[in-house]
Structure formats: C-alpha cells, structure tokens
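Lettered A, B and C in written order, each chain numbered from 1.
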Amino acid sequence: MSTPAGMGPSGWRGARRLAGVRRAFAPVAEARGLTRSMLWLGCAITLVFVAIALFAPVVAPYDFDTFEADGSRFAQLEAPSWDHPMGTNVQSTDVLSRIIWGTRTELKVVLVSLLFSISIGVPLGLLSGYFGGKLDRLLVLFMDALFVFPFLLLAIVIAFLLADRVGQGILTAAIAITAVYIPLYFRVVRNHTISIREEPFVEAARALGARPFTIIRKYVFFNVVQNVPPLATLNAADAILTLAALGFLGYGIQPTQGAEWGYDVNRAVSDAASGIWWTGLFPGLAIVLLVVGLTLVGEGLSETMNPVLRKRPTGTVDFSSDSGSEAAGS
Amino acid sequence: MTAAPVVSVRGLRVYYGTLRGTVRAVDGVSLDIGAGEVLGLVGESGCGKSTLGRGILGLLPDGAASKGDVIYGGRNLVGMSEKDLRRLRGPDLGLIFQEPMTRLDPLMRIEDQFQETLEQHEPGLSAREVRKRSLETLGRMGIPPTRFRQYPHEFSGGMRQRIMIALALVLRPKLLIADEPTTSLDVIVEAQILRILADLRRNFDTALLLITHNLGIVAEACDRVAVMYAGKIVEEGLAGDVFAEPAHPYTRELLRSTISLDTKELHSIPGAPPNLITPPPGCRFHPRCPDAMAVCPTKEPVEQHLAHERRVFCWLRGPEQAIPAGGTSPLEREEIAVAEEA
Amino acid sequence: MAAQGTSLRQYALTRLALVIPMVFILLTLVFLLMRVAPGDPISAALGGRVPKEEVEKLKAELGYDRPVYVQYADYLASVVRLDFGEAITDRRPIGDIIKENGAATLELTFYAMVVALVVGVTFGLLAGRYRDTWIDGGGRLFGIVVYAMPVFFLGLMAQLLFGSYLGWLPTSDRASPITQATIETHTNIYTIDTLINRDWGAFVDSVEHLVLPAATLGLVTAGVFIRLIRVNVIRTMKDDYIEAARARGVDERAVVYHHAFKNALVPVITVVGLTVALLLSGAVLTETTFNWPGIGRTLILYLQNRDYTAVQGIIVVFALVVVAASVIIDFVNAYIDPRIRY
C-alpha cells in the first residue's frame, strides 16, 4: 500500500495510531439491544454526576458545612421542605448541598487512586508478563497474596496505619484504595500479556529482530489496553463503595475537608431510631446511583469487548434476489 | 436410481443475514440420496457444504433462514416445526460433527449420554435394554464395555469420534450426515472411521452424506460424489467416473491440485473463493476458470445430464441452443494482479 | 490408568504445597504493617492511661524491646503454634476472641452465603438462559443495583423498614438478652446450639436476629453470582456439545438444564471461594450496622483502641481463613470436575 500523498511519516504514524485505537474499541459501536441501552444509561448517569461534581459551587445552594444563612441558624433535623429539598441533618447542614459537594469528594478520591493504580499496575503487569523470570514469580506471589485478602479489610488496615503517620484525610483514603486495586490490574494485564506473547505475530516480530520494548509498545500494549476501560469503570464503582465504607467506619476523610456520603450515612444511623429517614436515605441513594451508573458502563463495555459474549448482529435474510435459474428436478 | 431416494433435496437455499448483506451460503441445491448409498460432497472451505448438511437437518444458527424442499418420508423438512424436527433427529436423521474433542458433555459419563439419547426417543425402554443397545452399538465401533462408565476426556480423539458415531447410530437413523468426520484425526484413525462408515451401508442400509474437502476419502468411500462451489453444485455423478473424467473445469482443477506421491510440482487454482454476498454474475466459477467463455459471466449454466447418471452445470457442456452467438469464444479478462489475489 | 483416588491425593498435596509461600508472604506483610506505625504497640494502646513503669514492664514481657528479627522469629513460631497472644487493652486471649466472635461471624456469613447463592444462582441462570429478554434485563439490573448498595445502607433501610416502622424483626445483636444469658454454648453458633439444647424459643429468637443481617449481606453478595453465572450460561450454550445434543434430538429443556446449567455452574465453586473474601469485608460492615458481635466488629473496636496486638492477631486469622477457603474450594473443584485432576 503506498503512502497517501501529502502525509509525512509522522502524520502517517499518528493516523495509524488513532486508527489502531479506534479499531480496538470498534466492537462498542456494534453493540445492540440491551447492551447498548445499558451503555447509554450508564454513561448518562455517570456524566450527570461528573457534571454535578464539576459545577458543585454553582449547583449547590450552600456549602457543605454551612449551618446558617442570613444570620439565622438552620433548623436541626428538619424534614424535606422547599428551603431544604432533602432536609437538614443533626448539624443543621443542608443535606442536598452535602450530597452535591460529596460528589466532588467521591470522584476526586476515586479518580486519583484509579490513576495511580493503573499507572502502577499496568506497567508492572506488562513487564512481568512479558519478561517473566524471577521478578515475575515474586511479583505474582505478592500480588496474589494481596488479591486474596478482602479489599475492605486491607483498605481499613492501610488507612488506619497511615492515619497515624500521615494523618487522616483524602490522601490516606486515596492511598489505601490505590494499594488495594493494584493487584487487579497487574493480574489481568499480566495474564493477557502472557497469552499475547505466545501469539505467532509476536514470535515473528522477535524473529525479525525487534527489540522487546518495541514489541511491547507496538503489539502487546494495544491488545492489552483493551482490558483497561471495562476494568477501570468497574474498579471505580467498587472504589466508591470502598471509600464510602471507609467513611462509614470513620477512616475516610475528615469532616472539615469536605462532605462524604459514607460518613453521612454513619451519622444517620442514630437518626434512624427516631424515624428520621432523610439524613440516611439520600446519601445512600447517591452512592447507589453513582455506582449503578459506573457499573452499567463497565458491564456494557466488558460485554461488547469480550469476544465470547459478543453477539454478532444479524441482519434480515432476503430471499428475493434470485438469479432465476434454479435446477429443475430430475 | 431405481428405488425412491431416502431424502430428496430440491432447490434448497440457505442464506445468512449479516450487517453487510445476505450471505447466500447455499444457493439452489438439488440432490438425492438413496438407502445404503454414500454420497460424497466435496468443495473448498467456505463453499457451503457444511451449511448444506446442517440445512438439510434444519440445524441452523441464529440469523440463518432456509427455503426450498427437503423431502424425507413424504414430508418437507424445510418449514417443519422445531418440535417435529426434533422428533426426527435421532431415529431418522443423524449428524456427525467434525471436532470430536468438544462434542461430548465433559461432565457426563458415556453411559449417561447414551441413556439420555435413548430415553428421549424411546421412553419405554428398560434400563437393561438401554444398556444392551448402547453396548452393542459401541461394540461395533470397537469400544469395549469396560469403558462404558468413563468420562469423555479419558478417550482419545479417534475414540471420541467413534463414540459420537455410535451415539448417532444407536437409534438407527435412515439418513446420516457426516460433516468432515475425519478432518481433525490422523490418517490411521481416519481409515478406521471410514471403514466404519462404509460398513453402515451394509449393516444398516443407512443413506450417508459424507461432507469433506479431502478427495481421497471420497474416492475410497463414496458411491457417488457431488462437487460444490460457491453455494451451488457444479457436478455430480458416480465417484469413479467423476474422478476418471471430470466434466467440470473446477473438478478437474481440484483433482490436479491434489498432492500424491507422484506430484512433481504444486498446482493451485488462481484467485480466491468468491464473496457470497455478491457472488459473481453468471457462472460463479468464471473468474477463476481457465476455460471460461464469453457466455459464462452473462448467464448461469443450466443443468446438463450426461451418460451414467452424470449431472453438470457448465456452458462447456451445452446446451448449445442456450448459448448466444459468439458466446463460445474465450473470455476476455484482465490479468489478476498478484497483489490483489490475497 | 491411575486410580482416581491417588490423583486426587496428589493434587491435594501439590495444592497445599503452593499455599505455604502465600501464607508466608501474608504473615510477613502483616508483621511489617504493624511495625509501620511509629512507636511500639504497647505505648500506643496503653500510653497515657497506665503508668510508665507498667508500660515498660509489659514491653519487656511481651518482647517488644528485642531486635526486630527476633520478634519476627517469635511471631512466626507463635503462629505455627496457633498461639496469638492476648489483646493488650483488655488482656483477652486472641484465641478466645476468635472462638467466640469468630463463631458469630461464621454463622452470619454462612447464612449470608446461602442467601447469596440461592438468589444469585437463580437470577443468573434465568438471565443467561433468556438472554436479551426482559428477564435478562431485569435480572441483571437487579444484580447491579443490589451490588451497588453499600451493605450499611441496605442494612440501615432494612432496619428502618422492618424494625422501626413495621416492627417485625429485631435490628441489632445476635439474640435477646434472655437468650444470651441462658444459652448453653457448644459451638458458639447459636442456631446449632439452640437446636442441640432443644430450646425452640431460643432457636426462633436467634433466627429472628439473623434474618436482617444475613439477608442484607447475602443480597449484596448475590450480585457477584448473578453476573458470573449469567456469563457462564451464555458461554456454555455456545459450546459444541450443546449443538451435538440438539442434533440428537434432545429436547431444549434437557439441553438447558442437564447440559448447559450443570457446566455453567462448575466455575461457581471457584467464585464461592473468592466470595469468601468479599463476605468477610461485608461482614465487618454488617456487624457494625447491626451490632452483631462478630470478629469484624471486634476488629474495628480494637482498631479504635489502637490495640495492635489484637489487630495483628485477628488479621492473621483472617488471612489464614481466606487462604484455607481457597484451598478447600480448589479441592471441591477437582472433585467435581474430573478433568482438573489430571
């Protein structure tokens, strides 16, 4: 194939890389039916939350710890009303505002920890899977041991220990969550790298004398990276649950640093005895909704990209286009 | 053919619906198979022979539809309800698959698999009867009774294929379709399987459609052979005759491509099998045919009957009247560039 | 052919051998983690509440003034002896903690697992079988929503609904005070003990207290099973032996139930093992919400009190339990699926 006129080498490579990425995610466009609805619904929900997080200062009626306005203090534990559509909690802060600001907290922490998990887990998995050897065996043993351990407990322990050293807060929670999910990426990426490494086309590249890093960059990476989006979204969903759990147990962020949904639910437990439902219901629903949104995207993505589950879309069969000459019976 | 055929296929079309269009996998096929007769169906990969085999039995995947006539026992299998078809599968119609390794439920003992099949179609049988018949059929395949209670993974590929055949035969079907039964087996096992299949006609009077891309098997085991290309039958006749004197250029080229101990140089047919969504106009083989004439791309060939029960679809064999003036001159066409071939 | 008994044994030995490095790493990790915090555990737990000399005495007694590697050796030795020491703050032997609170958690997680399996397997099988219909959509949505619910939120809502508003079920503790005081414990698992004692009233009482926590935890975990089983059913329905069974005329219900579902459930056993870890996490939250005196809640309490020794002991037990569970699961797997043994 000749290079189209006017495209220099860098332009060509750039276009090819883009085409490679587009090809890697092509199955998503082919999704039909239920899977497609899931993807769209999930994306919509997630985007709404992202928007809320981004525009929190504009959208929220009050700050997350405002307990008075116009000189008068808000009522305590006031039921939902026009002034406070989701009511107020025991500290006279507006529940709705806390939900909105809480979105920011959740997404911030989860995003940061996700980025760290991926940037540590994926390269480690690639290198470990491709080069094998002693380092690989050691890493695998280590990661498996971590993986087997209950996520939440690990996060709690790490958060607890870091709290003494670093002090509680967003950083601690983020680090705890990062550490817990690294083995996940490592494992998936490593397994996939190993199976790609054995493919004939990689063997051919090696036979041609390509250097290992070139092979990894050109062949292995794009194949393996396909795993990341479904994994990352499902991971994000799980991370939100873990963060909320940490907040519920008191190992999340400090109340002075921002609002956090899990923490709010914890505060609401004592309200329940008096039949006060709005302080717990709304933060809880927020958690559920965001996690559902992320999970829908994640499930939709993994369904479309998993070749076993992918359903080949079928068109209608058209018998009319006959060429006319059917063999007559003998 | 003196006796009435066991199955009579007329104008069968099996099309698949895909996003890019309708794939005409089987496009108007007619053939007969008689009792105790082995009909070989040969062709390249992708010519539609597997689809034809499954289409006859109505075992098509989602997105496929069939039209035409498949007359068995006085009824048309095309358009029959799934329930009725299911009742026929087993005692009347049988199918042997290509990959024996994955065709048996790994969690079920052989004994249970036989029991399931027999109970499905003959529910009144006693356990002893079921066992007796299963062991008898397995015995014919060379599987000893001591292995009756074992699991599939404890058998080799060749033995699993024999178990599959036994499972298909235990109900004594009248029509058996074997879809590349020996392709994934080694030559020695292949010979054993073929011998078993050949015995069928003697012992059970089964009509057998043997689908394969291996001409050697056909020569050895089949009474008649039908050659398929791009969803259509191009030639059919007695096996010995067709191989000795092929009437269709494709058959001739196929035979020449076969490798034997005498082969001095490799011969292949240039080009690739056609796209079945938009097949070539007229005779589908014309782009690759060394003897193509001017008429070939314009009209599809008409069935011609030759001596000794031979049928062929080729303008080279006439009928003269249907060919317009100048149609017999060699076809003008551009050289197929080597790069475009792949 | 080797007798099946030996190969199962061989498999067991190999599997156990693999476990040892993992346990070793986990133990080391826990040891290191506990030493990350500044100072020593004794001061952390008791400092400020107890005179300094006592703290020093305790330190010497428990060996915290010795070099790290000596402590490490001691630690490993004591784990092998299954002697986990005592909690610093209340001097309660860790062994007792495990026995009493551990049993409570075991009871809770067992019933939660039952709920998770029943709900998860049912919905998963249905969703996979009727793929892309409303059954599938509904089942999956249910699984997703239920998994998205934090255990403590679902628990809270359950308490509000069934406890405060409807008053049907108790919302905290393991049993009413009367039962707690009068129960004769054998296994510390109330449902079993009350049955052994034939104390029906107490049995009902403990079941009532179990319903909300077990149902909450089980429901949230069911989501995992639904997803997995659905995928497996879809994958299995595409397997070759399914098509082969259909070709023998086996009716659809038998194909689905006897072949597809059975094969689809094989990996479930593995997931049950993985779910143990999930359940333990969830147990911590559930126990905190429902004030269930299990080992999870105990861990949190000791964490809050900075009782490192207790925390270390409990976490070590957790790690051992999880590893043991995965080994047992692999065992059961090998037993069920005859292919794995070889």
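Here, contacts are C-beta pairs under 8 Å (C-beta built on N, C-alpha and C of every residue); 3 or more make two chains touch, one makes a residue touch a chain.
As the structure is a prediction and not an experimental result, all values here were calculated from the model.
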| item | value |
| --- | --- |
| Each chain counted as touching subunit A and subunit B at once | C |
| Chain pair with the higher count of C-beta pairs in contact (B-C, A-C) | A-C |
| Chain centroid nearest the full-protein CA centroid | A |
| Centroid-based (C-alpha) most distant chain relative to subunit C | B |
| Euclidean distance of C-alpha centroids - subunit A vs subunit B, Å | 50 |
| Averaged-CA centre spacing for the pair subunit C and subunit A, given as whole angstrom | 25 |
| Distance from the mean Cα position of subunit C to that of subunit B, given in whole angstrom | 55 |
| Set of subunit A residues in contact with two or more other chains | none |
| Shared-contact residues (touching 2 or more other chains) in subunit C | none |
| Subunit C - residues contacting subunit A, complex | 21-22, 25-26, 29, 33-34, 36-38, 44, 132, 136-137, 140, 144-145, 147-153, 156-157, 159-160, 164-165, 227, 231, 234-235, 238, 277-278, 280-282, 284-285, 288-289, 299-300, 303-304, 311, 315, 318-319, 322-323, 326 |
| Complex contacts: residues of subunit A adjacent to subunit C | 33-34, 38, 141-142, 144-146, 148-153, 156-158, 160-161, 164-165, 237, 241, 244-245, 248-250, 262, 265-266, 268-269, 272-273, 275, 277, 280-281, 284, 287-289, 291-292, 295-296, 299, 308-309, 311 |
| Touch list for subunit C against partner subunit B, complex | 1, 239-241, 243-251, 254, 258-259, 262-263, 266, 337-339, 342 |
| Residues of subunit B defined as touching subunit C within the complex | 57, 59, 86-91, 94-95, 97, 99, 102-108, 116-117, 120-121, 151, 153-154, 164, 167-168 |
